[in-house]
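Structures follow.
Both complexes below contain subunit A, partnered by subunit B and then by subunit C.
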Partner chain A sequence: MAEYLIKNGFIFDPVLGIKGDVADVAIKDGKIVETTALSSPKVIDATGKTVMAGGVDVHAHVAGPKVNIGRNFRPEDKLFNCTPGHGIERMQGGFSVPTTIRTGYNYAHMGYTTVMEAAMPPLYARHTHEEMRDTPILDQGAYPVFGNNWFVLEYLKNHEIENTAAYIAWLLRATKGYAVKVVNPGGTEAWGWGLNCDNVHDPVPYFDITPAQIIKGLIEANEYLGLPHSMHMHANNLGNPGNYTTTLDSFKLSEGIKPNSKFGRDQVMHHTHVQFHSYGGDSWANVESRAKDIMGYVNSHDNITIDMGQVTLDETTTMTADGPFEHHLTELNHLKWANADVELETGSGVVPYLYSPNIKVCGIQWCIGLELALLAKDPMRIFLTTDHPNAGPFIRYPRIMKWLMSQEARDQQFDAFKYKDKVIEATNLAGMDRELNLYEIAQMTRAGPAKSLGLSHMYGGLAPGLDGDVAVYDFNPNEPYAPDDIEKAFSNAKHLFKSGVQVISDHEIANNGNKRTLWVNAKANENPQVMRDIKEKFLRYYTVTLNNYEGSGHYLRNPHVIEVDATQ
Partner chain B sequence: MTKTVTDVICPFCGTLCDDLEVVVSDDGKQLLEVYNACAIGAEKFLHSQAKDRITRPRMRQEDGTWKEITYDEAVEYTANMLADAKKPLMYGWSSTNCEAQAVGAEIGEAVGAVMDNTATVCHGTSLIAVQDIGIPSCTLGEVKNRADRVLFWGCNPAHAHPRHMSRYSIFPRGFFTGKGHTGRKVIVVDPRPTDTASLADIHLQIEQGHDYELFDALRVAFKGEKLPDVVAGIPKEKIYEVAETLKSGRFAIIFFGMGVTQSIGKNHNIDAAIAVTRDLNEYTKAAIMPMRGHYNVTGSGQVWGWQFGFPFAVDLSRGFARYNPGETTSNDLLRRDEVDAVFVLGSDPGAHFPFNSVKKIYDLPSVVIDPHETPTSEVCKVHVPVAFVGVEIGGCAYRMDNVPIETRKVVDAPEGMMTDEEFLTRVLARVKELKGV
Partner chain C sequence: METVTLTIKNQPGLFLEADSITPDAFAGKKAEEIVDLPVYVGREQFRLGDYFEVSGNAGATPAETKIVVNGDLSRVKYIGMKMTAGEIVANSNADMYVGAWMQGGKITVNGNVDAFAGTGMKGGEIAIKGNAGNYLGAAYRGDWRGMAGGKITVTGNAGSDLGTFMNGGEIVVDGDVDVHVATHAEGGRIIIKGNAKRRLGGQMVEGEIYVFGSIDVMMPGFAYREDVDVDVDGIKGRFALYEGDLGERHRKRKGQTIYAKLYQRIEA
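Moving on, here comes the complex of A and B:
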């Protein structure tokens, strides 16, 4: 493999604690090495440029059944943006739900090298893996959803943590999944009957369990196994005025639980797209920001990490395993609605959405996401996301960096709001003058998410031994710049290395990389009861046989298995 | 000695049964018996064993007779035909695995083809309707475990999807449906007294071609508004009764087929059907599902969806993906002489396209990839027989509810036969050489 020496860049790396000093980065055999380890490297001149590790996305919807529903049912999302292949690039298309090929390239152009698919319905694991196979460059993993799974509901009704853990281990293996995802716990099962669970104590119809029991039980089972990532949470009551209390109630269920993981994470709950969960008021007329309450809690509890779910003010496509929420949304905006309930496991919905700067609520949502990040005491525990494509497409990450780094940029956006005064009244952002620096951005987009995922031994930094994932941006932090320069530079990396391969050279895709699929092979104690339960459910309730459910794994061309031993 | 292979997937219809058992000879070369399949599924397996099966590619001669050629020659002919054509049509893709579909899509991209699948004459109208209004749907297991109201509209699973009713829709006992058949109310809307209709609690013998009106009438009836005395040949009392039956259920499912997707109104019928389902969700839980025909037509729409963004009628001839049904659909292209070569895999347009279109295929350079001799192979210049997907080679297929299932290999293909994927991979490599990419 080629050796590279990236010389004289301004380095921003939370892992090494480097805050913009000029230094060199060396890559050899796919890894970062000491510069002395190189013999005849290819030299990349990064003078006057910013150098960071490859970006890591903890939460995006980029592959699988609901993403593809979004593509296929929105031809308008591809209007005027389908492009021919050139060089080694294949044809691409789509804005908010791009084709897999565009997904890979667009992340790479932003300097991202690892992207986690945030919700994989287990029965559709094959589909998810097929799409990830066709997504170039990126290392990926997918989170199977557990929060409405009948096995989980039945075990946790009686607080059977060991059985839940054995089932999780089995399902991760069957689906080649990465982490335990929970979406509207109990609510999506209720949606099987057109109902919902509105708060953590609202019982799940028929199953005689509350969301609180599901949440706490899954955190405990996750720690019982000691998985790399923590339980990954999308709470009940998403998107509704006044829901911040449900969010706090959900946070509190993690209290007193300590992480048990050899993978270096400190949290036991990652709560995703918190912007959607930080609303006060009791109607759309008086909805207001509760970011202060939310961040007050997060800042004082270090066993939680979160991501933003920042609204980008675009036309986009919402999609979530929160089936009842999407139905609610289609009733609000009267746009087309797809729903896909999945036997014994989960559901999902898809609805297009226009976040307009002319609508007051959209402005408030925009403020709340930024407030969360600007109120954060520790940028290692809050990550930059848009819950792609729910609050906006991931290609806007550099724009969000701009908003986070520049009050001037925020003021420009305020001025573009039709109901500027009302938005300001319902939020706190206008009074905030904090401007994040590139070091903090690197925490929010690299080191933080890598650590939360339990992958800080591979990603997120430039320390020798880590994967050779390095991005070089046309950005000189020591020279004066306009806010838009930030967006421009971070949208279009000059060079990008993935596992030591140069995938972008001079802004052009130069190599399709050697993408890996990460999954977690957790070994739990033999559990005959769980195996009996699995056989029984497949015999009686599933419509595929047990033998046809488990993926053969041949969709994973280049699997990277993370072994966890939870036998005891 | 024989061996029994279990959990075998039936590569015939969109029901995609995965519980077949197949008995094969000890050497794994012969398929002896098939259990659990319906008659048409079993026939598919046993047909693969025909003694007179064609096992090598053939090229048609001037005098109309066939001459055997090698796979190499077939690859060469196919690659050249596609590379030389300005706008080749690559049609079919419904009876093959997703692996082959993905390679085919790459070829289409390299040569600037129009990619179209059998939805074009089947559920393409449904796909268009979904783009208009969305689709509240679910997996078949949701139907099995929850549905107590089952409506079949313009479809006859008793013949087209024989095990659908026993596995998913009418008879099975699921988690919340322990009473099976007796706990479900079955409604059939069909102008004909079909075998499916004979199982129904209510059969609405609709006047042919008036589906849209009846859907609309149901929407009116849900709201308790006034109806004319008779709509689409159905007395209003019956319509109110059906509306009430659907609303009073805990979980209603509508299955629909070609009787409504290809009759007058086409995609507008399906718009209306989906609107009925949306409306029902105001009162109870409801879902709707197209009864997809070929076992993996759904998969080709998925593969093209993630590669190009469109589920059928994808025109790649300008270098990027375009989609405009009516313009980029196979029969429209053939009829207007807009394509200059035809490649068929995993379908039989010779049997299913109008005569005019078939005549055009006959007049053009053409290749068909198919294990069988078919009406299509009768009009093509080259016929490339291949291994049967789901019998002689595995690979992924998507059930009508989009659930992906990996089909299994149960016996070896005859010595020296290629699979779809192998053949396409060779063609792709050769096309790239010819195109210099």
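Moving on, here comes the complex of A and C:
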């Protein structure tokens, strides 16, 4: 493979602890190497430019059945933005629910190289993998959802951690999944009865188990197996005024549990899109930011990581396995609604949404996301996301960087709000003068998520031995710049290397890369009871047989297996 | 006002997508620049001059530009799309999307138009001297933002799905209409001087429909309220007032629930 020497860039790398020093980065055989290891490299001049590792997205909805429902029922999302194929680029379309091709290219243009699909219904794992297979450049994995799964509900009702772990190991292998995802634990199952679980002690109908038992049990099962990533949670009561107490109650369920993982992570719970979970007040009239309470807890408990779920003030498409929430949303905005039930496993809903700067609540949501990041004591534990596309499309990450790095940019947005004073009154952001630097941005977008995923041996930094994922941006941090320069530079990487292949050259897609699909093969003890339960449930309840369930072979492009040995 | 005259000289093998035929695209250009504006046939891009003879120069602004299009335009789409001012006169039948997303100015079609004329229209005026196809003044596929302003008049008949997701503005049809009128509408006014068929106002939240002639089948979601004297579009008459769609949500104003209104003339 080609050798590359990226010379004289300003390096920002939390793994090596480099904070903007000028240095060279060497790539050989797909990996980052010492510069002395190169023989005849192609030299990339990065003088006056910013160099970082490839970005890592810990949570985005980019592939699978509900993303495709979004695409199918929103043809207007593609209106006036389709581009024909040219050169090696294929035809693309879509804004908040882009085609797989545009998803891959747009992440690459931002300098991202790894993106995790945040919620895979196990029954539709094949579909999810087919879409990831068609997403160029990016390394991807998908998190199967467990929080409303009948096996899990039945095992954890009796606190059967070993059986739950055996089932998790089986399902990860069957669906080629990466991590344990939990969405509105118990609540989506309750939605099958037209109900919901509003707090961690609200029992699930029929199964008679509480969300707290599900959450704690899944954390324990996750640590029993020692998976690379921790349990990845979307808690109960998302998006409702006053829900921050539910969030804190959910956080507390992780107390006293220590990580058991050989993959270098320190957390036992990753809580996603926390912006949607940090609301005070008791109605939309008096909703207010509780980011300080949330971050007070996160900052003092190092066994938790979170991501932002930043509202970007765009027209977007919300989609989640939190079925009851999407129904709640369509009742609020009266726009079209799709709802799906996934047999024994989960459900989902999809509703378009307009985050308008003319609506007070949208302004408050915008503040809360930024407050979370600006109140973070350790940027290695809070990650930049939009819960794409729920709070906004991922292409806005560079705009969020601008807001995080510039108080001036935040003030400009405040001035554009119709109810500026009311927004300021309900939030803390206006009083914050913290401006993040590029090192902290690299922690929130590279090193932090890679570590949380248990992938710091591959991604997130520029240390020799890591994958050759390197982004070069037209941004000189030592010269004066306007806030918009940040957004412009980080939206459009000058060069991008993925596993040592130059996929972007001079801002243009130069190669479709060799995308890999990451999945976790956890070897657990033989468990005849769980295997019998699986066979029985497929026989009695599932609409498909086991033979039509597992995803393997051609469903996965370049599978990259992370092996975990949990036999004991 | 300056006038640019286009005369079609070659019929496209497929359909010609000519959203550049607008006063906005022409403004400030001479005939020899106008011929270079892009048009599409399938995936191929061509020049406007490949299909049209162009004479006359445009005005300095869209408002000062009038476009006259001659010849058979029945395979030309998107005439006047997104125009903000000025005038277009098409002396023929035209294909789909005439005046779609139009914001201002006036389009006159001396012939029939195919489907989706006035899609997502925000302002201005479209006068169709023949018949209109389906989805007149409707929303784009999937969108909930249909016609929001301006006026469309049809001298002949209109097709099905008239004013789907209409939010404002006015549509006047002198002739008859096909099924589905003002489906999902949340505002606006539709006047049908001829007869209607079925499914008027399905899932309609607000807005008004006037029918001068017959209605084959009334939606069960509309309830008769009273007979009223109405002066609509300069015509006085006695109308039966129905309100609906009772199966939908409706907002309240001063304690009163606001329904969509359907008026059917009972005597002139």
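Here is the rule we go by: the second predicted complex is superposed on the first by the 567 of 568 C-alpha atoms of A that agree within 3 Å, B and C clash if a C-alpha of one lies under 4 Å from a C-alpha of the other, contacts with A are read in each partner's own complex, and residues count from 1 in each chain.
We take it that contacts are C-beta pairs under 8 Å (C-beta built on N, C-alpha and C of every residue); 3 or more make two chains touch, one makes a residue touch a chain.
Keep in mind it's a predicted model, so treat the numbers as computed, not measured.
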For A:Val342, select first, second, both or neither according to whether it touches subunit B, subunit C, the two together, or no partner.
-> first
Could you look at A:Pro75 and tell me whether it touches subunit B, subunit C, both or neither (first, second, both, neither)?
-> both
Looking at the overlay, what does A:Val350 touch: subunit B (first), subunit C (second), both, or neither?
-> first
Check the residue A:His334 against both partner chains and state whether it touches subunit B (first), subunit C (second), both, or neither.
-> second
In the superposed arrangement, does A:Ser552 touch subunit B (first), subunit C (second), both or neither?
-> first
By residue count, is subunit A touched more by subunit B or by subunit C?
-> B
A:Pro84 contacts which: subunit B (first), subunit C (second), both, neither?
-> both
Quick one: classify A:Leu539 as touching subunit B (first), subunit C (second), both or neither.
-> neither
Where does A:Asp134 make contact in the superposed view: on subunit B (first), on subunit C (second), on both, or on neither?
-> first
Shared contact residues on subunit A for subunit B and subunit C?
-> 73-75, 77, 84, 335-336
Within their complex, state which residues of subunit B touch subunit A.
-> 6-7, 9, 18-19, 98, 102, 106, 109, 127, 130-142, 144-146, 167-168, 174-176, 250-251, 278, 281, 284-285, 287, 301-303, 305-311, 316, 318-323, 396, 398, 402-406
Inside the complex, what are the residues of subunit C that reach subunit A?
-> 43, 140-144, 249
Seen from subunit A, its contact residues with subunit B in the complex are 63, 65, 67-68, 71-75, 77-78, 82-85, 90-91, 93-94, 97, 99-101, 123-124, 126-127, 130-131, 134, 150, 191-194, 206, 327, 330, 335-344, 347, 350-351, 540-545, 547-548, 551-552, 555
Contact residues on subunit A for subunit C in the complex?
-> 73-77, 79, 84, 334-336
